[in-house]
Amino acid sequence: MKKLSARRRHPLAAVVVLLLALAATGGLYAAFAPADKAQADETAQSLAIEEGKKLYTVGCASCHGTGGQGTSDGPSLVGVGSAAVDFQVGTGRMPAQQPGAQMPKKPVIYSQAEIDQLAAYVASLGPGPVTPTESQYSPEGADIANGGVLFRTNCAQCHNFTGAGGALTDGKYAPNLEGVSAKHLYEAMQTGPQNMPSFPDTTMPEQEKRDIIAYVQNVNSGDTATPGGLSLGGLGPVSEGLFAWVFGMGALIATAIWVAAHTAKAKKS
Amino acid sequence: MSSQDIPEESPSSEQDHAHGAVAVKDPFADPGLPAHRPRVQDIDERAAKRSERTVALLFTVSMLATVAFIASYVVFPVDKIVYIWPFGHVSALNFALGLTLGLALFCIGAGAVHWARTLMSDEERVDERHPVEAAPEVKAKVMADFAAGAEESGFGRRKLIRNTLFGALAMVPLSGVVLLRDLGPLPEDKLRHTLWAAGKQLINMNTNEPLRPEDVSVGSLTFAMPEGLSEHDHSFQTEIAKAALMIVRIQPEDIKDRRELEWSHEGIVAFSKICTHVGCPISLYEQQTHHVLCPCHQSTFDLSDGARVIFGPAGHALPQLRIGVNDEGFLEALGDFEEPVGPSFWERG
Amino acid sequence: MSTANDKRKAPAGERVADWADGRLGIYSLAKANMRKIFPDHWSFMLGEVALYSFIIIILTGVYLTLFFHPSMNEVEYHGSYVPMQGVLMSEAYASTLDISFDVRGGLLIRQIHHWAALIFLAAMMVHMMRVFFTGAFRKPREINWLFGFLLFVLGMFTGFTGYSLPDDLLSGTGVRFMQGAILSVPVVGTYLSMFLFGGEFPGGDIVARFYSIHILLLPGIMLGLLVAHLILVFYHKHTQFAGPGRTNKNVVGMPLLPIYMAKAGGFFFLVFGIIAIISAIATINPIWALGPYRPDQVSTNAQPDWYMGFSEGLIRVMPGWEVNLWGHTLVLGVFIPLVIFPLVLASIAVYPFIESWVTGDKREHHILDRPRNAPTRTAFGVAWLTWYFVLLVGGGNDLWATHFHLSINAITWFVRIFFFAGPVLAFIITKRICMGLQRRDRDKVLHGRESGIIKRLPHGEFVEVHEPLTQEALHTLTSHYQYTPAEVGPTVDENGVERKVSRIERLRARLSKAYYGRDNQVAKPTVEEYKEITSGHGHH
């Protein structure tokens, strides 16, 4: 203890204190940061278990109106079709937790059976895009290269070259497409969720959607080959520049310090 | 600046000594270079030997790494992908070559530096500096030489020679400038026209088929090019750079701009896809707000209000293409854009 | 030769050296330089990082030219990268794919080339800042400062042209931006664009033209400047920090042979090794994921490499001003950033000349300043860096938005405000910090170092023991020179005749006061002050 207090005026004391403070802040943050998963599970329990309309009345009607006609808090669901429900509920975007610029992806709280029941109910309100079957969205045998061309024409402007996502106006954003299922990709193109425009079969036929899905799954999945090493998020020059400064210059300066430092002297006496 | 600008107090470099003369003993005086203190290696031959072995080991590792580099080059196929944590699914060849090359180089450097740091003399030495400025007599000699040379040339006296030489030297680079003329054609009105013309159908870029009004639903986004243009055309890149078209459908009652509504077909509006700021293909369409954002510099346009600029650095609205439907029921242009598409320029007016 | 009479023959090495000396005069050259002294400090090696990465770039660049086809002819791709099969692309793009996927080691060399380029520019910037904050740009090194600055600017453009060569969707978007910026130039914009691109954008010439600029014109000029830069470093001898035995008239350190041969030579291999390892583990510019350039396609996250990021920031945050007059358009929204771009750079480049005008100091300076001892200069430098960084934030505003869950519009507004406010705040804060540090140095000199040892005096008072500094430390902390502010001087001469004081002269006096006035630097302790305090009880 005595030793410690004697060293508190040491030139390096400030650095040590700073490091400790940083570590403490980080630790506290890690300890108290909201645990998303636990909360979601709780909501899952508190939210409905019923079927069809019953599910709707409990989970959706407060914003979308009792008959799906829409309110000031949520758009009309007449004519959005079962595909939209399957996408919105199946990716956890609906039911929404709170109003905001955009409804984020969350853990799904309905079972697929419940989602299907909800979708059937909403589809009965008015005709709209129907939940696709596997033969429609399966990327099996699709043309990846053509998918790439289509992706760069129709999708990359918002979702980035390989679907890493990007910013839109006023806090809205196009999400990262990694890990999104083929079915949900298909439904998103078909229905245009939230602010995303739709790409209906009349302008982008089924086959082309499959090509796009094949491309996305090829270039943006956990198994995507990044021959050059770390992909750095696939975000382009900004993350590359950051890496060059932090790790490149960091390593080089550390080396320079070693090269120029005086070698330890022999202890006196 | 004249020399009187130097502060009076400006010390000669002997200032330190002058200071020392005032006080009997100047506590701030330069004590001179500290005495050299030996390193372990200087006094302990065993430590020196250890350093020697470390350096030799580093050089040896470098040799082995080069052998490994050559072996990797031969062994790994160019398309072999392996999973290496935490780097991901990387090319085995790139990874192996990079690491072995890096190691081979790094070890040479590390060995050399360790050698210098531990075994070469670390006694600090002193070099004297000499002022850059020449001594006055040198300067005087140079000036005299120059004056003599200038005088002998008659450059100052024979003004005719001097002036014509200047003239000739000034003119000769003009040939080089003139030669640059054929770098490209003159602008003329090239930036004012696109491939669009009355009667040209709107071809869906995805399907290469002409578009029908019923294909385009509210909330959808479609890109089109003029009929007759093909990706295989030699001039495709240059033409599509001006002609690229973005088509959306808005409920007619939501269209705020009267001209936009007039130029649309049942709410189907066709705008240039080329941003009016610096020409990025703008197309980040938000179907609920009808805003379209440019991914390059964030200019934001309101497609429901004549595509006017609502944010960002663009200076004017996106040009709209007037469209209608032909006898076969396909969407067609009713003329070219009425203003130049893409970035503004001086002659745009 | 005097050795002609000697019986024994000189060793082979010596004979070769004799041969060379007879033709090149290498002995005289070596006499002056072989044991040349270089001071040891890590920050003196930053320029070496830049130099070595430049050499690495040249070596790898030559290799890449063996495989790269600078042509915009459209071809259909049938190489080994599956997601591009049958896609139409330029030969430039296709050959870059081949380098990445079919040439063994090609990807590694490409990545080394690009990583080295990013590090080259970063190292030049850090090196430049080291020179700036230590005042190493002062006489006699102003010209070398300019050479270095030119190297940085040329490096930016060499980087930009190189980044554009693969003709991928990202770099093509950058070229489009450049073309749009050129179009905004009043009167001649359209002509410049047509001449540069050989017609309308994108045409079929730009890659080949950028190629000769990237591999020949700009690197050629840079090589010349680099040699001049290094010759001047040798000629001026390196600067050094103040310390015992180190004066303005000497240079203390280690000799070139052998220490710096080994250290600097070894450092080249260290730099090369580190960059090679980075290139083994981290992807840079994966053009295969970006796709070939088409003027009707784009991706979000469209940014230039970091060194062009501040210009991207300028253009992103500029309001869209456009003036139409007499049938002509003045595209201020693009042209103003185009003009500010060189001004941002020039503002740091001209600083040494402003400072030397304010101080009126004509002496040579070989002892470096500690940044705190030049508060105004340091504050200016930090203000400039803040300016630069704010613009970099603007250039990456979309990524700030997605990664920090902010609105892109809010970030743009932040940058617009801090473009003006940031440098001012940074200036004020930095200057205060510097003054504080100067005061701390003064206290240290006068009262010694706080030892952390608490002593209880006989009457119960607790005091902290201060250890007096060594003479070495005292000298180091007090050896810097402090200017006194320049005065306009009497406006009336001894005969009562009024002297005209020019506005420039007044400005200089005012600036000089802002630099060196009473409130803008802390007077360093004098010998008298020191004696007065130390003759007492030593510590309080």
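All chains are identified by letter, namely A, B and C, in their written order; residue positions are counted from 1 within each chain.
Quick note on the criterion: a residue touches a chain if its C-beta (ideal position, glycine included) is under 8 Å from a C-beta of that chain, and two chains touch if they have at least 3 such contacts.
Chain-to-protein mapping (UniProt): A = Cytochrome bc1 complex cytochrome c subunit; B = Cytochrome bc1 complex Rieske iron-sulfur subunit; C = Cytochrome bc1 complex cytochrome b subunit.
Please read all numbers here as calculations on a predicted model, not as lab measurements.
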More contacts between chains, A-B or B-C: B-C
Central subunit by CA centre of mass proxy: B
Distance between chain centroids, defined by C-alpha means - subunit A, subunit C (Å): 38
Centre-to-centre distance between subunit C and subunit B (centres being mean Cα positions), rounded to whole Å: 15
Length of the line joining the C-alpha centres of subunit A and subunit B, rounded to whole Å: 30
Residues within subunit C bordering two or more other chains: 101, 107, 111, 263, 266-267, 270-271, 274-275, 279-282, 294, 296-302, 397-398, 408-409
Junction residues of subunit B, two or more chains touched: 87, 90-91, 94-95, 98, 113, 117, 122, 205, 223, 281-284, 295, 298, 311
Junction residues of subunit A - those touching two or more other chains: 153, 157-158, 166, 168-169, 174, 226-231, 259, 262
Partner subunit A, residues of subunit C touching it in the complex: 40-46, 48-49, 82-87, 100-101, 107, 111, 115, 118-119, 122-123, 126, 169-170, 263, 266-267, 270-271, 274-275, 278-286, 289-291, 294, 296-307, 309, 395-399, 401-402, 405-410, 449-453
Touch list for subunit A against partner subunit C, complex: 5-10, 101, 144-149, 152-153, 156-162, 164-171, 173-174, 215, 218-219, 226-232, 234-245, 247-249, 251-253, 255-257, 259-262
Subunit B to subunit A touching residues, read off their complex: 37-44, 81, 86-91, 94-95, 98, 113, 117-118, 122, 204-207, 211-212, 214-217, 219-223, 248, 281-289, 291, 293, 295, 298, 300, 311
Complex contacts: residues of subunit B adjacent to subunit C: 1, 3, 5-7, 9-11, 13, 15-16, 19, 22-23, 26-34, 73, 78-79, 87, 90-91, 93-99, 101-113, 115-117, 120-122, 124-129, 131-132, 180, 183-187, 190-191, 205, 223, 225, 231-232, 234, 236-238, 240-242, 244, 273-274, 277-284, 295-299, 309, 311-316, 342-349
Subunit A residues touching subunit B - in the complex, by the definition given at the top: 150, 153-154, 157-158, 166, 168-169, 172, 174, 192, 194-200, 202-205, 208, 223-231, 258-259, 262-266, 268
